[in-house]
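A quick write-up on the structure given underneath.
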Amino acid sequence: MARSGIEKITVIGGGSSYTPELIDGFIQNEENLQVGEIALYDIDEERLNIVGGMAQRMVRYAEMDTKVTLNLDRPKAIDGAKFVLSSMRVGKMQARILDEKIPLKYNVIGQETTGPGGTFKAFRTIPVTLDIARDMEKYAPDAWYINFTNPSGIMTEALLKHTNLNVVGLCNNPINTIAAMAEVFHVEPKDVFLEWMGLNHVNWVRRVYIKGKDMTQVLMDRLEEFVDIEEMPQFDPELVRTLGVFPTYYLQYYYYHSLRLEEAKAAEKSRGEVVLEVEKELLKKYADPNVLVKPEELSQRGGARYSEAAVNLILSLKLDRRDVQIVVTRNGNSIADLPEDASVEVPCVVGAHGVTPLVMGHFPESIRSLGQQAKAWESATVKAAISGSRKDAILAMLQNPLIPDFPTAVALTDEMMEAHKEYLPQFYK
Amino acid sequence: MARSGIEKITVIGGGSSYTPELIDGFIQNEENLQVGEIALYDIDEERLNIVGGMAQRMVRYAEMDTKVTLNLDRPKAIDGAKFVLSSMRVGKMQARILDEKIPLKYNVIGQETTGPGGTFKAFRTIPVTLDIARDMEKYAPDAWYINFTNPSGIMTEALLKHTNLNVVGLCNNPINTIAAMAEVFHVEPKDVFLEWMGLNHVNWVRRVYIKGKDMTQVLMDRLEEFVDIEEMPQFDPELVRTLGVFPTYYLQYYYYHSLRLEEAKAAEKSRGEVVLEVEKELLKKYADPNVLVKPEELSQRGGARYSEAAVNLILSLKLDRRDVQIVVTRNGNSIADLPEDASVEVPCVVGAHGVTPLVMGHFPESIRSLGQQAKAWESATVKAAISGSRKDAILAMLQNPLIPDFPTAVALTDEMMEAHKEYLPQFYK
Amino acid sequence: MARSGIEKITVIGGGSSYTPELIDGFIQNEENLQVGEIALYDIDEERLNIVGGMAQRMVRYAEMDTKVTLNLDRPKAIDGAKFVLSSMRVGKMQARILDEKIPLKYNVIGQETTGPGGTFKAFRTIPVTLDIARDMEKYAPDAWYINFTNPSGIMTEALLKHTNLNVVGLCNNPINTIAAMAEVFHVEPKDVFLEWMGLNHVNWVRRVYIKGKDMTQVLMDRLEEFVDIEEMPQFDPELVRTLGVFPTYYLQYYYYHSLRLEEAKAAEKSRGEVVLEVEKELLKKYADPNVLVKPEELSQRGGARYSEAAVNLILSLKLDRRDVQIVVTRNGNSIADLPEDASVEVPCVVGAHGVTPLVMGHFPESIRSLGQQAKAWESATVKAAISGSRKDAILAMLQNPLIPDFPTAVALTDEMMEAHKEYLPQFYK
Amino acid sequence: MARSGIEKITVIGGGSSYTPELIDGFIQNEENLQVGEIALYDIDEERLNIVGGMAQRMVRYAEMDTKVTLNLDRPKAIDGAKFVLSSMRVGKMQARILDEKIPLKYNVIGQETTGPGGTFKAFRTIPVTLDIARDMEKYAPDAWYINFTNPSGIMTEALLKHTNLNVVGLCNNPINTIAAMAEVFHVEPKDVFLEWMGLNHVNWVRRVYIKGKDMTQVLMDRLEEFVDIEEMPQFDPELVRTLGVFPTYYLQYYYYHSLRLEEAKAAEKSRGEVVLEVEKELLKKYADPNVLVKPEELSQRGGARYSEAAVNLILSLKLDRRDVQIVVTRNGNSIADLPEDASVEVPCVVGAHGVTPLVMGHFPESIRSLGQQAKAWESATVKAAISGSRKDAILAMLQNPLIPDFPTAVALTDEMMEAHKEYLPQFYK
């Protein structure tokens, strides 16, 4: 077994089509990580065997000492873990497709992180997540819970408010934006420093420093030159110049709701349906015993640089690097306009002591109320997911920035509740 | 001249069809007020003569010593005033009709106080208001500026932030709600005490006390019984019970936007067009030298109990009554979730020393983000009205709770800007 | 029995020499109060009989229908009360004398409200007070607990934080200051409006309005003229002009600690010893069956206008007067620089709905840190009184503004703890 | 000239006996710094020549390309600098001796950073500092002003509030405490992570992490074992366990005022007098052309690791290292209980973009009021130093935690003002 490395990492949702991406990240960083055991846990035995088998072949092919175990027994999977990575989908892709399709009837985009889809994905996932947390409190109380599961800001807030675990939420949006900025300015990602403030997926870049030089205004003036760079197109020049800050990717669903809605209505397939097909192809590959490395097609699945973000985070927590990473954590007083116990996504110092946010201060006035509104929605969603009260669920829905009014909130809540009934026991006590 | 009474009250917009209502209020309270001079000021000489003549006849018929003067010269009208009451409409009813009609093309209700109509009414009115304030700083620096002009919360915030005057904003919504509550519980209005919190027209009643007894839950449980009482129907039972507080009248435009939009689109005439006709009839009456008292038809004009609210306010400021009235004032720390320099509408102690808000504390979570969003819109509107920047105007529009997204904000701002061009010199420098 | 009046008022510490003062207040306001029963409760049977007998004679002599009962059984005394007034002294005057004398050895003034004497008086009294509160929660859950017991700010905070009762703290310092101001300006007390901010006994007057006119600067400029007016001398002109606000009576112990310390050391008798003698004389009078009205000597006891303050408060709570009174209540956001759950003494609207503080805003910088420090001491005192931890007791002592350093805090805490051992069971578990 | 290094560093107070310490630091880090020019500026030509000559010999002996220039012309010294280091003493050591001696008459310790000595050192130094800042705004507007001058927290706040420069304050207290912790736990300083919160010299360590492990409780339990380690003795076990956090070195003047006062009164010489003698000896060495390296005796001067702290800071600012250093900066929202525009000493991320504080959150209650009080004193001192108002000076003095009452504040202010008259032109306009 790897000496002085990480004894055990557990992956909740180990049967996810992303897992090989993560395994690949561990392989690339074997020198620093030296993981003793990667415990894959899933409730879907068939997928666990296919994806787990793929993971085992990858590790073997990389000639690593790491043991990859496949687990249907959750306590056993978690017992002794140093890091628990969660990436799951309660109700699977079918539930996502409902999340995306039902709202369209009400002229609202579903959007599984920032829209009503996010509300219901959280309703389905929070109870399961808190069950996992209870296992961790018992079998791995000092481990880090690293949450990838969407909506990551809401999931992280639920864990911060309702468990005693070490929790951090992670998303590839920051690392992708940094990569795009590096491409724009022809520098390395490490040369980019962003004042990134907001919530997961509801986030803005207030200032851009390149090698310590403030390039915010330069970038704002010359945005049209960079529209072809991946991850940059969402920075619509007129919007950026009106706000005075750079909105990030998912804010398109708020700032361009009508356009995104028309596209979604016009689309032949929802995003969930597209992903379903991509996954089928991927699983076929994974099932092929001759495939020994991460297949190219995985990149279509989305989630670029997810494993890079995860490995960076794990390494800083393990090696006490105390570098700055943009992750989801308890606000404290980082963003002055949000509650202290809310989750936020901001630059943090990450070391073996934990995750400490930097002071980001006040939202610029141009974005403050949207940030507050989205956070109100997130916190109300956490509350309703746990209370199981229909009234709380309607209140959460009502506060989502995409919902135009009360009758829409009521009707949409009721229809989605019914559709996801099977996965919402707390509302049907 | 009236001894120990108020030497002079100036009415800005003295040619308003409301003026006889106000005059009637002064007549009813002659004993306490004993006004020396009522100076009516207007820029429309014809209307000033008609309405002013009516006012003079009313006062004479009431056998009061009060002198009613008609003024086209503003400094002269203001000079020496103790109270300046403002109720004006820059661009007149034609502008309101545009405010109400243009937004409908974008599936947004115009609404001259809480919607895009309010944004542009403020853009037209704030510069004129600050001009008046400059006159007051010169000719009546210690006088009270009592603002009735809509949108009253925005106008009051502009005056609080950009003048040194004694300013208070007034609306009949609180006094009407108190009257409705009194009717519900078969008590006198003085027996009603409301925890009223929010902004002008964006307001909720958190608790209802009748003779000091907390009747909040009783009222919430029995709302269906009171739907026929005037001013109560807006308290839709399901909405009220979901929020846990009572939303007041104008919040229907937020909570029921789609319904109000459909009605507005279906309506033969906009509210402005209806009022225009009512006013024509009223002016005919006012022009009739045989009409000596406030005509019955005035009640159709809206604005019930406006003169009662005004007289109450003036009396407490003059007589140092230090009673509790619900008015628009600087927040300070009354509502913990809003900026200190914002205007709010809350219960205040009103005395000769001025207006001191009561601590209302934190918004309940069910309404907090809407309160913050509406205030962000109001403050952004004040800022844009003064800067005259198109970018600021778009930002103000974007933050209005009725606006669905950025392209709508841009298009609507541009079209309304063009339509009101004549009254928006600050944007066309 | 009195119709439509207050059914029952309970006086905790009914054997206090103050009680006849209170009874006299009830007699003067019989018309409005019409109390059915005044239940005097005390643990000292002898004093209860003497003072209670006096009270009964006073009421009979006034030809009132009110029944005065003497109670050694606390639940019975409290059962059915509408108001419970607390004015007690755990450990009696002997304990006060220790509170005043021990600190002198450490060059600290004892002072039973703002100094280490206050810390230990609170330690002795809070447990008893919470016991009483438990009785009230059972036998009179809707009654008002009106606290006169010193240190009133600390007692009120303990009750606000650790009970569900309706609680308000009362002191005669505000009403006395208003009376002094009225005398200065030759007006009635009702013509005075003060911006009074701080804690009980740690309080400043920020602005003085006379008939609504701001006379702050006038008063500050002419302070020397008013030094002979009772309650005014503490307003030392140089101190006032340096601070820019008017410090009230008890702040002399902070601003002039060395002087007060020298006087206390030089004094033949401590204040407690003086009061002990006054009380002996008073009790002799009370025991005399020929004495039918409040004796003149009572005024030497201190506590001028206490009954006036109490009656005012009770009347507004009962009659829903919603007037402004300066009382001790939960801060909420009245003083922006203090915690929300702290007790403060500020102007409040008092009605049948309860007590609502006015927004006082930020402390002027000249007094902010002393206000914060005194509040930290008060809150730490509440915490230690309940935890019974020596460490917490030292921390409370250390934060008192009169304590120069840590060794003093430790030694003083230990010596006073030992001296009051009998009344501090929570620290000797 | 050094390529790709720092073009120019200016040292204000270049004739300081510390300067060779700093030069030694530059020599040890030549590889990374590669300074083109070190411009020493002083108003004392004699000392500048002695110390400057020494510096030139040191650099030459180290075979570096760096040019060391001696400057009496300030604009010339500053022109083109990338870093300006300030370490000066207006009024020289004679003024410090007065700062330390006068307060003893009033039973107050002088203490040039946390006591009345600090108040007057700031009064003398702030005007000169702002003059320098004006030169920098003209001749080196993008340079970093690194303040070593005591009282560093107050100086930094004056610069942050009254200039537009890049400002950071520096002290060796954090780096020394880290070194002591490393010694305690037998690890390297880089393995220590401290939650350090407060102001310069008024600071506490809330938590101690060693290689990421929370050792706070272990250290608290075993403090007696470490009393012999340099910089640790101030952590008096009883005090630490009472507070629940570790107070740092200078807090002894608050927590043990009486003891320090007695010692100071008993001492034959004040600290200033001792240092004066040490300096004389040092200057003799510096004047000796055969001395080519930093003399051993310099360590007696105090200021251990100052040059290490300075070089660390400069390197991170230059090389964009974005590591965590404990420096003095604008609070923003790092410490929730202090004003946003106050200076604080907290862990910060230091990179080429600047200095960003980490969120430290709320003070524990045991230390909050002292932190707030000391900050109130510091901010009042800045205000008075600039206004030149005696009233403001008394207010600043009054708020210092060592001052017992108002008469002491007045007398001490007046006597010190007179004694330092020559260096306080702003108070004698």
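Residue numbering begins at 1 within each chain, and the chains themselves are lettered A, B, C and D in the order written.
Rule of thumb we're sticking to: contacts are C-beta pairs under 8 Å (C-beta built on N, C-alpha and C of every residue); 3 or more make two chains touch, one makes a residue touch a chain.
Just so it is clear, the model here is predicted, and its values are computed rather than measured.
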item	value
Separation of chain D from chain B in steps, with touching chains one step apart	2
Computed distance of Cα centres, chain D from chain C, in Å	46
Rounded Å distance between chain A and chain D, as computed from the means of their C-alpha atoms	44
Contacts with 2+ other chains: residues of chain C	none
Pairs of chains found to touch, sorted by chain label	A-B, A-D, B-C, C-D
Chain D-touching residues of chain A, taken from the complex the two chains share	191, 193, 207, 209, 211-214, 317, 320, 322-324, 332-334, 336, 340, 347, 349, 351-354, 356-359, 361
List of chain C residues in touch with chain D within their complex	238-239, 241-243, 254-259, 365-366, 368-370, 372-373, 375-377, 379-380, 383, 391, 394-395, 398-399, 404-408, 410
